[in-house]
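So, here come the structures, one by one.
Note that chain A is present in both complexes that follow, paired respectively with chain B and with chain C.
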Partner chain A sequence: MLEVKGLSKDYGGLRAVDDVKFALQPGDVFGFIGSNGAGKTTTIRMLATLLEPTEGTASLNGCDILDDPMGVRRQIGYMPDFFGLYDDVKVWEYLDFFATIYSVPGRQRPKVIDDVLELTNLTGKKEAFVQTLSRGMQQRLCLARCLVHDPTLLLLDEPASGLDPRARAELKELIAELGRMGKIVIVSSHILPELAGFCNTVGIIERGELLAFGPVDQIVRQVQVARILEARILDRAGEAASMLCGVPSVASVAPIDEQKLRIEFHGSLDEQADLLSRLIATGFRVVDFRELEANLEDVFLKLTTGAVN
Partner chain B sequence: MNRTSWGQLFVHNPMLVEIARFRRKYLSLRGTGLVTTVFFGAIYGLLLLMVIRFADNVEPAVVLYAELGLACFIAPAILHTAIAGEREKRTWDFLLVAPVTRAQIVVGKFIAAVQGIIAMAVLMLLPLGVTLLGQSARFQRETWGWDGYSRPTTGLYDTLLAVLLIATFAIMLCAMTLFFSARCKRSLMALGASLGAIVVAFALFPLLTLPLAEDSFEWKFWIELCNLFNPFVAVSHVLDRNPTYYEGAIPAAFYGWPQIGFYVLATIGFLAWAIKTVHWPDNEKKFIGGKRARG
Partner chain C sequence: MTHSWLRRTVGTYFGNATAVRDYRAQLRGNRSFVLWAVYLALMIGYAMIFYTSTQRSGYEETISVADLQSRLRTFYESIIYFLGAMILLVAPGLTATTIVNERHRRSLDLVFSAPVTPKYYLVGKMLSSYRYTWMLLALSFPVTAVCVVLGGASFGDVFAVYALLSFQALILTSVALVVSTQATNAVGAISLSYLFTFVYALLTSLLAGGLVFAGGMGRQVGEMSFLATLSPFLLPFTSDSFSMLFGIEVPNWLLTGVAAVLFCKIALLGAGSVLAPSGSKETIGLRLHGVAYTFLAVFLVASSTVNTASAGDLHRVTAAYFTWMMLLVLFVAPAIVCFGWDRERKYWPDGFVTFRGAIIGRPSGGFAYLMLLLGAGFLGAIVATRAATGLWPGTGVVPYLVWSIGFWTAIWGAGRWISAIASGFRTAQVLLFVLVLMALWLPPMFFGMISDEGATPGSIWSLYPLTPLFFDRDRFVLAVVQGIVLSAFGWGLAFLGERALKNPKPRRIRFTGPPPVLRS
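Up next is the complex of A and B:
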């Protein structure tokens, strides 16, 4: 398991990462969300043992990134946000080079290379030169390179940036598969919908601070200070609105059109049921009464504009 | 250096895989490899042809100076991109996050280049051998010929000593270029710095100072001392052990092994310095290293 214990990083006077703490278990696919400059890359590079933290540390299956970087390096696969590949080498030669560096025994290397090529759907490109691959394939080759030593933690920094929708979908599928294989996967992105589908855990970082961390649905609930209800009342919607305004757990009511009302509500589910009974008991003809599902995007926008804290 | 770390660097170093990559890069029929292979093949072929055609007129020194001259730009040419180029191409981080030490990375690249240098030295033995044979044929003809005069010939031992001197010098240049490549942000800067250092130290400086030694006797010793480790000067003394009259201030015996020793020490120095310099990942932020983690 990965434990991140209060990682911080200062660049001169700027605190790029501030006391980030979280823990992940094997099989977790962690979506690390934040706008540009939020500190995702810095955090990931510290976990990859490339940057020295100003404070704090992290440990992966008992290896500390400061005390035993070699132990950590043996267990991680790191894919930077920008990377290059060697020219004039074939795909299998490229993988063979890194398999050697990771001390994969010579006899196992051909099989390992075939396996990662198959996993990343590059088997047909084994003999191709790396510079002839498309951007999406290069991305997958880089991921294949991360996998030659069967790492327990994958650090993928904005892996989907610059990919077309199709390549992006393939990459998502691949990342989900890695999670099913029992690896810890950290995927960063500044685009939310990219992560929403296949992450089981998310963290939202803003100005270096981890504002929220946990399972996707929990985060959505935790962050929703006020839930948004939508009611459709056939007539006298205006009257209903003034009545609702008088209810203590209703923060505000705004008409959407002649019939629909948007209710900002921070009561419990019980209170929500009472609200509906009251509307009906008062004689309003309610045809629709539901909670609008907040998604990660709302949560993100809310958190990063400072609506929380 | 204890035995385990020696083995870690030179025997069980996964980065020795660089040897194969270097060979593919510079000695193959694809991409850059095609250019370098054809280029050096052509130079070597020409040298060989010339030596065979004019066997009894070409001194071994000609081959040795050619080798020395080639080494002066082969080393910078193949190594200036070794580290700076990886940073530029953003492939450097992949090596830094791998379970290899900085020393292993640098030594792996160094050994890959040294293999090239050794290959060159071995290839050069062929034209060198031809000149030695031609020389002994000429010596016999001139000694037993009508005028009884013969030009001095170069002994086998001295020739091999010169070969060794040139090889260690070339290896030192590899270590130096690697050091500049670790230091410089851009590979072109590393190339410029290496070539510049070589031209200034081993061509411009001697060309400017050595003529002064002829004129002023007081300065002679100091000027020769300053050029003591110039391989061109050293090779000329090694090849001409018993000149008819010797006017140097520094005895001819000081040329040969002392330079070889100096080049070996300088190699170790440059390598150690290069290893210390490899602190920065792609984006030049200091990464974990130094006292806390010997990474």
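Up next is the complex of A and C:
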């Protein structure tokens, strides 16, 4: 279990991360969302024990990042937003180096290397030099490096940046698989569709403050006070809009085109059903009436102002 | 616990992952073999030219066996000079870029997010560079062996020279490693490493020259301080020298080996301290080793020469050691006393004066740590005097101790004040070093121009901070007065610095983005 307890980081007079608190369980895939400069990388680097927090701490399965950084490091796999690959080194040598520094026993190393190469679909590149790999392959090699010691927490900072759509889809599938394997995965990104598919928990950070944290649907519910309904009426859509404006649970009605209306609605599901009945009873020819699901992007735009540190 | 420590230590020095990875990369492809071939060709060519010139000079005449021996010795010496030059060129060059390149490649983060200690990583880096230097030395062995076959030297000579060359390579590798952890780019790291190498070669050659050509100051031939063996250019004259320790002849290569290992240890701790967070084992180790080494250095140097002083001069000779030798601390003083907001947290100001800060390496410990070093140096000189002469130096050393406390307080105060007003940590360090250097260097030139009378009592020289240390006669009063004035000056500057810290002035932030677009 990962517990982040009031992490803060100052750079001189600038507060880059301010009192960030959250907790994650095994199997959680946590999407850390924020604009560039919001404090995602700083938080991740503190969790990776590469930066000393100014205040607060975090613990992973009982190991504190301040008191027992080595204990934490043994349990994490950190993938930064850059490759940090060595030239003149083969793929298996690169993994062998990291397996050695993670104290993987010498006899187990060849098997571990083969396993992580298979998991990341790089088996055919075992003898290749790392500088000859494509960007997507280098990204997967970095992920393979994070897995050589079977960590419980994976810290992936912008893992899909610069990848083509196919490589991105493969990486998403791989991360989802790691979550299913029971690992805690923290994925930071400012590209929201990238995270929406496979994260079960998200956190939105801006100017170092964690504005929202929790399961995706819960956050959406919390943020989205009104439901958005869309109705398509074959004719007299303007009249229908006027009629709807008089309904107490309707906050606003906006025409999308000649037939479609966007309705901001505060009522319950029963009231929603009554609204549809009333439209039909009044003689409007309704061909479509549905609730639009709010997505992560809506929530993000609603919560954040775009300000950066 | 012992078993785990042993396993960790063995793992650090044998099969170190960093060394293995670097070694694989070093030996990959034809590059290394081409370099070795060029190196061997150069070495053999150099040896052949010297051998031919030695041979030709004997064609026209019949030469004596002694003359022939002397010429073969010259041939051997020329080979050793070549190896000495090779060590000076190769050892720093191979090491200087090791850490700085990793920092640029940003692979340091990957390594230090793994359970790797700075020691493990640095030892690995050192091993990979040092092993390469050793390989070059080993490759030259057949050429050196020719000298033994021809009669220019014995295998004993060759062994001692190779041991000394490898110890010198270890020292230069350590220095380059420390530089590499501090440097911000590869060019800076290489330049600074070679600058240190140049200074090392110059100073050790001057020192060794003095010791070798002074004829051992009346001692028997071959006995000299081990410091003479630190010069790579005088090895043919110093490799078979020895020191007398407790009445036993100890070969100097052995003492140099011990000194090189100790130097390497503190250099690794220094480099590790740069890479580790505040209060790390490396920083605490560095601080404690610093105190112990100061004591040892003053003790060893003082005990080897203090016995030549007469009983009446003992206090002056003792004071000379702890005052002058402590001036070497000026090279590291900026790192001890300065602080800055622009670097990691360990360099931020964390209070005025604390003792704990002296041990864990925080800026608030600057004053206490300088006093600890001074105390260690003072104790080293006193103990050395007692051990060498059986006498205590007397109360005459007290005024010089007061002066020392004042001098180092002034350095500390200046460092705190400059740090409080400077734009960053590195700026403060450079500024402090340059200002202290100017304060010590410029006045003698200026005073020399305006006054012919020398450092007599009441002359303008009394204003120069180092005048009490000229030691041509006792200057008790001047030492005490200067000590008190310097102390007051130091505390005053430190309080000014504190005030500047509490009431920071808004600073202009330099615009680093693209230039603004101007309307046409």
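Just so we're on the same page, the second predicted complex is superposed on the first by the 303 of 309 C-alpha atoms of A that agree within 3 Å, B and C clash if a C-alpha of one lies under 4 Å from a C-alpha of the other, contacts with A are read in each partner's own complex, and residues count from 1 in each chain.
The definition used in the following text is that a residue touches a chain if its C-beta (ideal position, glycine included) is under 8 Å from a C-beta of that chain, and two chains touch if they have at least 3 such contacts.
Being a predicted model, the structure only gives us computed values, none of them experimental.
Undergrad: Please determine, from the superposition on chain A, whether chain B and chain C clash or fit.
TA: clash
Undergrad: After superposition on the shared chain, which partner residues are touched by A:I65: those of chain B (first), chain C (second), both, or neither?
TA: In the superposed model, A:I65 contacts chain B only, not chain C.
Undergrad: Taking the superposition as given, does A:G84 touch the first partner, chain B, the second, chain C, both, or neither?
TA: Touch status of A:G84: both partners.
Undergrad: Output check: A:I101 vs chain B and chain C. Expected answer is one of first, second, both, neither. What do you get?
TA: Touch status of A:I101: both partners.
Undergrad: Return first, second, both or neither, reflecting whether A:E293 touches chain B, chain C, both chains, or no partner chain.
TA: neither
Undergrad: A:T54 contacts which: chain B (first), chain C (second), both, neither?
TA: Once the two structures are laid over each other on A, A:T54 reaches chain C alone.
Undergrad: Per the contact definition in the header, classify A:E93: touching chain B only (first), chain C only (second), both, or neither.
TA: Both partners, chain B and chain C.
Undergrad: Show which residues of chain A both chain B and chain C reach, each in its own complex.
TA: In chain A, residues 45, 48-50, 52, 70, 73-74, 76, 78, 80, 82, 84-89, 93, 97-98, 100-103, 145 are touched by chain B and also by chain C.
Undergrad: Touching chain A in the complex: which residues of chain B?
TA: So the residues of chain B in touch with chain A come to 14-15, 17, 20-21, 24-25, 28, 30-33, 89-91, 93-101, 281-282, 285-289, 292-293, 295.
Undergrad: Can you check the complex and tell me which residues of chain C touch chain A?
TA: It is residues 15, 17-18, 20-21, 24-25, 28-29, 105-107, 109-117, 120, 277-278, 341-342, 344-345 of chain C that touch chain A.
Undergrad: Going by the contact rule at the top, pick out the chain A residues touching chain C in the complex.
TA: 12-13, 45, 48-50, 52, 54, 70, 73-74, 76, 78, 80, 82, 84-89, 93, 97-98, 100-103, 145
Undergrad: Taking the touch rule as given, give the residues of chain A at its contact with chain B in the complex, in rising order.
TA: It is residues 45, 48-52, 65-70, 73-74, 76, 78, 80, 82-89, 93, 97-98, 100-103, 129, 145 of chain A that touch chain B.
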